[in-house]
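Two complexes, one shared chain (subunit A), two partners (subunit B, subunit C).
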Partner chain A sequence: MFARSAIATRSAAPALNVIGQTRNMATLKEIQNRLKSITNISKITASMKMIASTKVTRAQRAMKIARIYGNVSSDFIEQAEVKKADGAKELVVVVSSDKGLCSGIHSSLSRHTRKYLADYPEAPVAIIGDKAKSQIQRLFAQNMTYSFNQIGSTIPAFDETSAIASVIISDKSIEFDNIKLVYNKFASAIAFETTEIECFPASQIVEAPGFKSYEVQEEILENLNEFLFANNLHWALVEGHAAEMAAKRTAMENATKNAGDIIQRLTLQYNRGRQTVITNELIEIITGASAL
Partner chain B sequence: MTFAWRTAGINYLQYSNIAARALRRVVKTDLQAEIAKRQGITIKFAKWDNGKSSASVNIPAIETRAKVEN
Partner chain C sequence: MSFLARTFKPAAAFARVSRQAATRLYASEASAASSGKLVLNFALPHQIVLSSKEVNQVDLSAVSGDLGILADHVPTIEQLKPGVIDIIADSGAEKYFVSGGFAIMNPNSVLNINAIEAFKLEDIDAQAVASQLAESQRLAASAKDELTKEAAAIEIELYEAIQTALSTKAH
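Presenting the complex of A and B:
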């Protein structure tokens, strides 16, 4: 049920084929063009890596703060011993983002969600971010209730989170009791783990054995519960953002490294080719001269 | 105990955001710059029905707020 951890390092193997194809037939001009384009690509990936690394540090700082808030709310749920009621319907909220080029971040989320939906084919789904949306809608368009986009280019603000949370909780047409947040947990600078956060409805919190010791009035509980959901969602968004930026940095670092390898091979091939051309020309001249 | 704002149809999140915005408006000028970075919501959403999505629209509560403030 729980996530397989995905390591965000993956090398770009297909690049080798390119060289294989051109080994025999490529003219010098072709190699030169390819060299130029790969050099440009590596410049782009190198600068994307720089951008991602500055964003990672900021995102990690924000994540530390959001984690504290998140831990407070999960501690409450733990201390009150809130249990999921039998047969409770869950709404799955997938916390992804709009931007790609960050290795398996989004596909790991959608794989996790698809696995859940295989067990519970009726579960409604709300998706934050275009990437996971396009992956999930292909198979589970019927389950979709909401999709959000244009988020995740910067560190999500609580204002934005509560706007999303308000849309979800104020819609009475979707039937659900619990909310399951699927997000990427930031494990380290090179690894993330797709995890879930459970959010409970007020009715299940009231029934929890440890809840009585808190002496909370029912009206306030509803407020608290709305806040807990937004708090968890914010935590998921901020941590997911940090994981995405870290994955993007590793992905771009690998891309730059691979581009460097290809450039090296192509330069070698280009120089060899040029030498062969020169040698051939020399042979032609010499044979031509000796024939006279 | 019923909260007046809940009878008016807003939830706790919206209520606390209104309170937070009121607070943000009165902070000292040297902190305003830091706050300004976090403002401006661009999120759009689309409601899905029976496997089809409607066009993406701005979140209504945010739109009303923007209208009131400008």
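Presenting the complex of A and C:
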């Protein structure tokens, strides 16, 4: 008697808790399907994390070299104390890439660019990479000059850099004095910062206080400036690539961890549901048997 | 070796010789007190050849002419043409063939060289150079548009420079 009432109360309880707690065969199937799909997703994200990890180590090595290369190149700019002219017009070059799934990499770049464009709405913009392009194009389509894609799947090589640099520089219809390179600096394996590199025009180099100490042939100044821009762009591209790979690795690691959590939760749900079904069947059998 | 030649091409674009009249801006200020040693930074986009190395003398092949840089040389900016960079240190001399770039001598006796490609002379295959040179000459002769002609002319300049470098080394 007592047992029956206890069982009766227990079977009543799930029915009272209506929201998503009704345990029957159909829900069990749903949970099973969800479990299968999430397990597949976690396998995919785990393998993407592995791929990103190997890419990170290689990208970091290239980044160390590119950083030194860029620093050696801009050493002269620092020593000569080249400054930005007042009211200089800037061309903003956004260094992002085509691939997603790397947490805030591209949105951080677009946010930074949009903030700058809010202050200088006339500034021309060149975008490297489709992801940032789609984000910036929504609000600032009239500022866009050039966009480049097919970048970011491999470590950028200097011939890619020089191709991009020549396109930007050789278009004389774009008016600008300075070039502002917006890229993501690799702060650590789990953090990046959106930073800028400032590239000056040859006229500013000539104005620099330290420039008077240097002996130089005037014709090569323009070549030098283009070279410095290409070097800075290369640095930004390689470091941006490294930052993106690291962010992708972290994003995939988090995704795998989250998928694992969901799998655990769903498995518990599934088992509890299975047990409830069995319990209900038992109740039916027992009540049926005791009725005899 | 043809990969080597092809990666030289865009690099050589920067080493294009300017044919205008030369205007040389001279240093109007003397640099700080001498430190005695020449510090060399030699960097490529994909490789750091030398970093903060103390050397005695560096011979460069610049667009404005060949020059040798010693410690506390007058600060100067030179565009490099395809040629040999000879680095003489206490540990010995090293020669690299560079496709082009810039060499900047700073007032603090630091010489910064940014080049696109640099290879030791012994790593260059003379036969590949000869065949590539013939190819470029053929292209320059038969090319229809200005751009291909210009590109071929740059390549010819580059390969001839390599050949000169290799032949002087052999002697």
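One rule holds in what follows: the second predicted complex is superposed on the first by the 266 of 292 C-alpha atoms of A that agree within 3 Å, B and C clash if a C-alpha of one lies under 4 Å from a C-alpha of the other, contacts with A are read in each partner's own complex, and residues count from 1 in each chain.
Quick note on the criterion: contacts are C-beta pairs under 8 Å (C-beta built on N, C-alpha and C of every residue); 3 or more make two chains touch, one makes a residue touch a chain.
Remember, it's a predicted structure, so these values are computed and weren't measured experimentally.
By the document's definition of touching, neither partner reaches A:119: not subunit B, not subunit C. Applying the stated contact rule after C-alpha superposition, one finds that A:234 touches subunit C and leaves subunit B untouched. Applying the stated contact rule after C-alpha superposition, one finds that A:75 touches subunit C and leaves subunit B untouched. By the document's definition of touching, both partners, subunit B and subunit C, reach A:217.
Within the superposed three-chain model, A:169 lies in touch with subunit B and out of touch with subunit C [touch as defined at top]. In the superposition on chain A, contact of A:62 is made with subunit C only, not with subunit B.
In the superposition on chain A, A:146 contacts subunit B only, with no contact to subunit C. By the touch criterion defined above, A:86 lies against neither subunit B nor subunit C after alignment on the C-alpha atoms of chain A.
Common to the subunit B-facing and subunit C-facing surfaces of subunit A are residues 157-159, 162-163, 166, 217, 219, 223, 226-227, 230. Against subunit A, the residues of subunit C that register as touching in their complex are 7, 10-11, 13-14, 16, 18, 20, 22-31, 41, 43-48, 51, 63-64, 74-79, 101-102, 104, 106-108, 110, 112-114, 116. Residues of subunit A touching subunit B in their complex: 137, 141-142, 144-151, 157-160, 162-167, 169-170, 217, 219, 222-223, 226-227, 230. For subunit A in complex with subunit C, the touching residues are 62, 65-66, 68-69, 72-73, 75-76, 79, 157-159, 161-163, 166, 210, 212-221, 223-224, 226-227, 230-231, 234.
Listing the residues of subunit B that touch subunit A in their complex gives 1-3, 6, 11-14, 16-17, 20, 38-39, 41-48, 50-53, 56, 59, 61-62.
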